Amino acid sequence: AQVVLAADAKTYVLEGSKAAALESCVEPTDVMRRKHMELIKHQRDETVHGGIRSSKHSLAGCVECHIRSDADHVPQPIHRKDEFCGACHAFTAVNLNCFDCHASVPKGPGAEQASHAAFQAVGADRSVQARPDGEDH
Amino acid sequence: MSFLTTVYAYLYYFAALVLLAGVTFKVVQYARTPAPLKIPTTPAPTTKAGVVLRMTREVVLFESLFRGNKWTWIFGWIFHFGLFLVTLRHLRYFMEPVWLPIELVQPFGIYGGMAMVVGLAGLWARRFFVDRVRYISSPSDHLILALLIAIGCTGLLMTFVFHTDVVAVKSFFIGLYSFDPPPLPGDPLLLLHLFLVAALMIIFPYSKLLHAPGLFFSPSRNQVDNPREQRHIAPWAKRLEQE
Amino acid sequence: MGKTTEMKDHHEPTDPTDAGPADSGRRAFMGVAAGITAAVVAPGVVLHSVTAAPRSEAVTSDVRWGLLIDTAKCVDGCSACVDACDRENGLNLQNKPASASQEHWDDQKAVWIRKVQLQDNQTGRVTNLPLMCQHCEHPPCVDVCPTGASFKRADGIVMVDRHTCIGCRYCMMACPYKARSFIHKAVEDQLTRVPRGKGCVESCNLCVHRRDFGEDSTACVDACREAGHEAIVFGDLKDPESSIRKHLAEMASRQIREDLSLNTGVRYSGI
Amino acid sequence: MAKATFEVPELSQYLDVPPVTPQTMAHSKPFVAKPEFQAPLGFPGELMDDWQEKALDKMGELLGKYRSLRVYLDSCVKCGSCTDKCHYYLGTKDPKNMPVGRQDLMRKVYRRYFTLAGKLFPKLVGAEDFTKDVLDDWYSYFHQCSQCRRCSVFCPYGIDTAEISMAAREIMDSIGVGQKYCNEIIGKVYTIGNNLGLPGPALRDTLEGLEEDVFDETGVAVRYPIDQVGADILLVTPSADFFAEPHVDGLIGYGKVFHEAGVTWTLSSHASEAANFGMFIGSYDNMRRVAQRIREAAIELKVKRIVFGECGHAWRVAYSFLNTLAGPWDFLDPRYPVPQHICEFTYNLIQEGKLTFDKGENDDKVLTYHDSCNVARASRMGDTPGGQFEIPRAIIRATCNHFYDMDEDTIRDRTFCCGGGGGLLTDDLMELRVKGAKPRVEALNNVMLEKGVTHMAAICAICKSQFTKVLPYYGMEMDQIVSLHQLVSNAIVLTPSLDGEDDEDDEEEAEEAA
Amino acid sequence: MKRIIYREWRIPPARYWGLLGILASVVVIGALAFAYMEHEGHWVTGMSNSVVWGTPHVFAVFLIISASGALNIASIGTVFRKPLYKPLGRLSGLLSAALLMGGLLVLVLDLGRPERLVVAMTTYNFRSIFAWNIFLYSGFMAIVIAYLWSMADRHGEPYNRPIGILATFWRLALTTGTGAIFGFLVARQAYDAAILAPMFVVMSFAYGLAIFMLVMMFTFTEEGRPIGERILCRLKNLLGIFILGVFYFTLVYHLTKLYGAKNHDLVGWLLLDGGIYTFMFWVGWVLVGGLMPLGIIYHPVLSKDRTWIAAACGLVIVGGLASMYVIIIGSQAYPMQMFPGHTVLASGFFDGVQGEASRYSPTIPEVLLGLGGVAIALLITSVGVRVLQFLPESLADDVLPVDEEKIVEQGPAGAKA
């Protein structure tokens, strides 16, 4: 059977996030859609137990890149039902508890450090930021 | 629309039609057939409420089976309860927005899936190892078990090993409502899972799976034990009286 | 009491070059970086250099991080280290539920490091010291944790993997230092670098994110130094060249509750 | 021990489920009804030429008339829960005697002709053509079901094999294949009024004899009236009660209870039979015709209440169907349920303290109690579910000092059939009856060994006849089986009829009525 | 040898459903309490960073060790071949499984992250007593079920004794393990004592038996099944012995603590000026849980009266809860000695400033959660006895097997039903 890509299914990447201005996620979109939970869970164990912070699957990285800022550049909590993680998980009825603990907006010093590796891997400049209205597209 | 998506779209329209029409037909047929005599298996409840309670115990706990055979009960109940949880979890593919209760029980569906397969395996094993049950099993009994196990296993494989794009699957099914399904992901396991499910839907009204609606119409379970207090007479029997 | 013990660490590598090249190299680099930042930034809001190389290989037991606290230098009335820790780890973002009594909340809020003031019953001498997780080599908290969520990292840091912590609090029962806190209330505000949330247990982790991003001190150490007391020294207990080893060689130090033979990674002098 | 041409099963300490051994009972068939027995019931005399077509038509008709049949044929999932529940399977090892095996005899035909799957893929779903061989199997195995409903208790859907075997018998009757025993008896009821064919005068004789016997024994004039117009109560009792042991001791007991109750009662020669074999052959029409006789008798004798004597399936038809078949009973005294069981009657008196017993009279016996299947699983006594278990036991406890139940899995609604119910109480099925009694006899044997039980009380004419005949095969005595009201009869302390004024009045009234 | 007849508990439906209804509502209230605590977080409870285990643990531990003790009756019957106790074996097994369920449920629902139960059941740290306890508990459950099967199904007959022996050892391991959860906490003075394990074993015997007797007397009288003098007298005497055992261990526990000079202050605190804990110890543990029931059991007249015997059982249970309260909470409240020879003048974490004990007062949701656990246990028991044959038809003197003394010559054959 020919693999049909979910290409024309709707995307959850939001205008106003860095991701919206970028080409691809840390893995191909198809892979991310299917396997992101495994990737970040794997990363989690590596980080917590091994102290490895240089890999691209960091949760802080997801947040940093996918967070949407509103017109006033205020980042919106990413797990909210109308934001990136939240919207998709609401659609699939998945209850995430990651953000019980993890900051749902990049916060505090060092937030950038944590996502550095991810940006490097994608080869993106961390300063990109799609405008909330999507006009730069 | 890609070929695959089209095929599956039509397959599901057909399967849904067969399932709905078939079960409706059967249920109407059961409901229309009179039960001329009071034949509840006693001791039976003497009130309607009591009957509802009895039925609930039968449906939820499989009480009679429990009295009859503990092993079958354990496996059968594990299977059905698992199936129930899986069904609840699956509802998320078919509704938008997803109801809160579904969202809450959704994670348990995975354990339901495992339980379901374990239960089915136990039920199947007894078809081989218990001589009495072996004697009464026909090929279709084995086939249905095989079908359900296959559905369960493909599902579990998708959940744990070869993930599929759940969003796309859901979009496809939601799209079916408006006759405009977006493409279905081409993951082989998913396609197999869905094909088997369609097969299940199609055979449902023609097979012993009718036990699910059947139970509700079983006179030995759903009748109130009050023949002395209330005269119970079927229309055709009434006509005899008038002759 | 009053007996002093020589530091006994059986795992010291005899040759300091045993440490991997990556490690020693980065340490050298970070020494410079941290020195610079510390010099220009106000206490507590230490900015971290983006260029710092995050760790890319799993930690090893070639190092063992530890602290040495010179109680003689710790002053009465100072709480710089405590405040710094709170800021570093977002503990200052905790707030009391409206309907809880202050007294009860004080018992319930998370505390990673605390100031303790002691008086010797015989001499009447008063001692001040900060107390935090002692990063035991044989940590009872780890031994008792049913899921293995409490664990000791290869580099000697004892911490909680809060993804597997079920919140049973057995580790808190087991810790002889009362070093751990249970998060009693949902956390709305946390820092990206220190995730923390309701229902899990936490404690000082020697500023583990700083470890992994290659900095060479902890928030409390920095703060104490900035406050001008330099009562805490941080370093690799296995590296004979490290400042902590040098200090240990110079002064008599001991472990709290030595009788339990936990071989703590945090040592005290002057008590 | 009675002689047998077959192997009498050995009793064991526990109920063992035998391994499946096909065809052990394929040879067992009751005598086929001759045309003269068929005709009065409205059935063709012998197998018709186009029987297959007719049978399928009949089956279609029944499927439309009985929801039970329709649902039961569809619903079975072959779970196996019923497989080890039928006493005939346990006693004969023949898998076609497993309830589901028995149902499948009909189900395979149903699938073949009435379901899509069976029409398209018969092999897959185990569907089969309705051939003569299949019909022979039907005749054989649907006459190895005592319609005891034990299988129904354990089936998750309540599938009642009894319903299916009734339907099968009706289908067979409708194509001219009837069973001699049942059909002949029903004919007798139509012509004479009872199963045994005892004509009115014979009954009167017997009853007079009874009165004398009781007077001789007790010195009290207890009456056994028949056809007394205007009596309060019409007693309908199985005809076996009129003469056979131990049945008749029960009848004596009823009389004594009525005597003590101070009510007037009567038997009827028109409805001198409680049993209704119409049920066994699944024929609504015949069941109704038999039941109507009771209505006629009640109207004729102007009674206010109807009480049934000890008989299992008779009580089922009376309790569950009488209102349907011969109701409404609005001309009777509305304060009493119609009909009442003699046990309910006696029990109420005991509750009211109107009966005095000398339990010592039964001290020669250690009792156990056999729940007759139709009473246990198809009817009720008293107001609360389960009264059919508690009321008879309460009566035994009130009249005897020594009572022990049999193993819990073999009593109450899990009771084992005596092996002779459902129209199988005929000598041509002796092998089946002996083997089918095994599980019950086994449980009895255990309480005999463990508790020293000597007698088993029953409240069913068929059970009593069956046990008197079958127990000897197992090395027991035929008189170990007793009527429940025989115990009452033994223990009851009669009020001498000439002593108390009231009693005398009652007596006189009764006499006047006669 | 007579076969013992077991029969489902068949009290009138109205009473039965009424009973179930009451129990179910307590369970629901417990569930609501849990939902509240889970939703708000533990700050709504009295528990804190100083007293980390509170009232739920008092109930949980009590239920768990009672579970082990409740199985004692079955063990005596099979393992020690006392046929007199055999008819009680099934109820004993059921009650044991039910109490364990209740206890574990409370324990689990008090977790900070109960939704991670799966984590607890799939990732183990084998150095943790607690993790071993998870195995001990689930194993116990499995063994009790197997044990029940071997008692109920005659195909299980041959395995009955082996499983019984296994269950007995497992049971001891389980209570020892539960005791060891505390006993291994070297950090805390009050716990650091190996004697806690055997003390828990004896306590489990007493509490388990008391609960068993109450349940037995209730179910039997409710349905009018007879209980003979003989069995009741036996059970009562057994209870007396167990209470004495608890006393003995309490004494030894405090003596050993006194033996280590550094613990003088702890013992002094607990026995003299521990406030509520001192009260709980003397009044709850010693008086209500010990002296009063002993007084009843060895009283020549009262000991004959069933109501009084039931009262004695009730007192033992109340006393048991009190002892658990002292052991679990009192020991945490007493400050940890980190700096011997020093007085803590001030601390940012309230650790024993001026030797003061930590604050703890139970809150309503905690108590409700605990009671919910008790109700669950009773609910399981009442459903169990209703649907399966757990209760012997009669415990009258004449139907019960002869005393063991007379059975000895018959050997194992005598035990065969």
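A few notes on this one:
In this document, chain identifiers A, B, C, D and E correspond to the written order of the chains, with residue numbering beginning at 1 in each.
The rule is simple: contacts are C-beta pairs under 8 Å (C-beta built on N, C-alpha and C of every residue); 3 or more make two chains touch, one makes a residue touch a chain.
This is a predicted model, so every value here is computed, not measured.
Considering the contact criterion stated above, the chains in touch with subunit C and with subunit D alike are E.
Among the pairs B-D and A-B, the greater number of C-beta contacts is found at B-D.
Farthest chain from subunit D (centres taken as the mean of C-alpha atoms): C. Subunit A and subunit D, compared by their mean Cα positions, are separated by 77 Å.
Averaging Cα coordinates per chain places subunit B and subunit C 58 Å apart.
Look at where the CA atoms of subunit A average out and do the same for subunit E: the two points lie 51 Å apart. Rounded to whole angstrom, the centroid-to-centroid distance between subunit A and subunit C, based on C-alpha atoms, equals 32 Å.
Residue numbers of subunit C whose C-beta contacts span two or more other chains: 186, 198-200. Those residues of subunit A lying in contact with subunit C across their complex are 44-55, 60, 63, 100-103, 106-114, 116-117. Of all residues in subunit A, only 1-10, 30, 33-35, 38, 88, 90-95 touch subunit B in the complex they form. Residue ranges on subunit E touching subunit C, taken from their complex, read 40-43, 47-50, 52-53, 111-114, 116-117, 119-120, 123-125, 127-131, 133-134, 181, 184-188, 332, 336, 338-351, 358-359. The touching residues of subunit B, when paired with subunit A in their complex, are 2, 4-5, 92, 96-98, 102-104, 106-107, 163-168, 170-171, 182-188, 191.
For subunit D in complex with subunit B, the touching residues are 17, 19-20, 22, 63-68, 70-72, 74-85, 95, 98, 100-101, 104, 115-117, 123-126, 149, 152-160, 163, 284-285, 288, 319-324, 327-328, 337-339, 376-380, 383-386, 388-389, 413-414.
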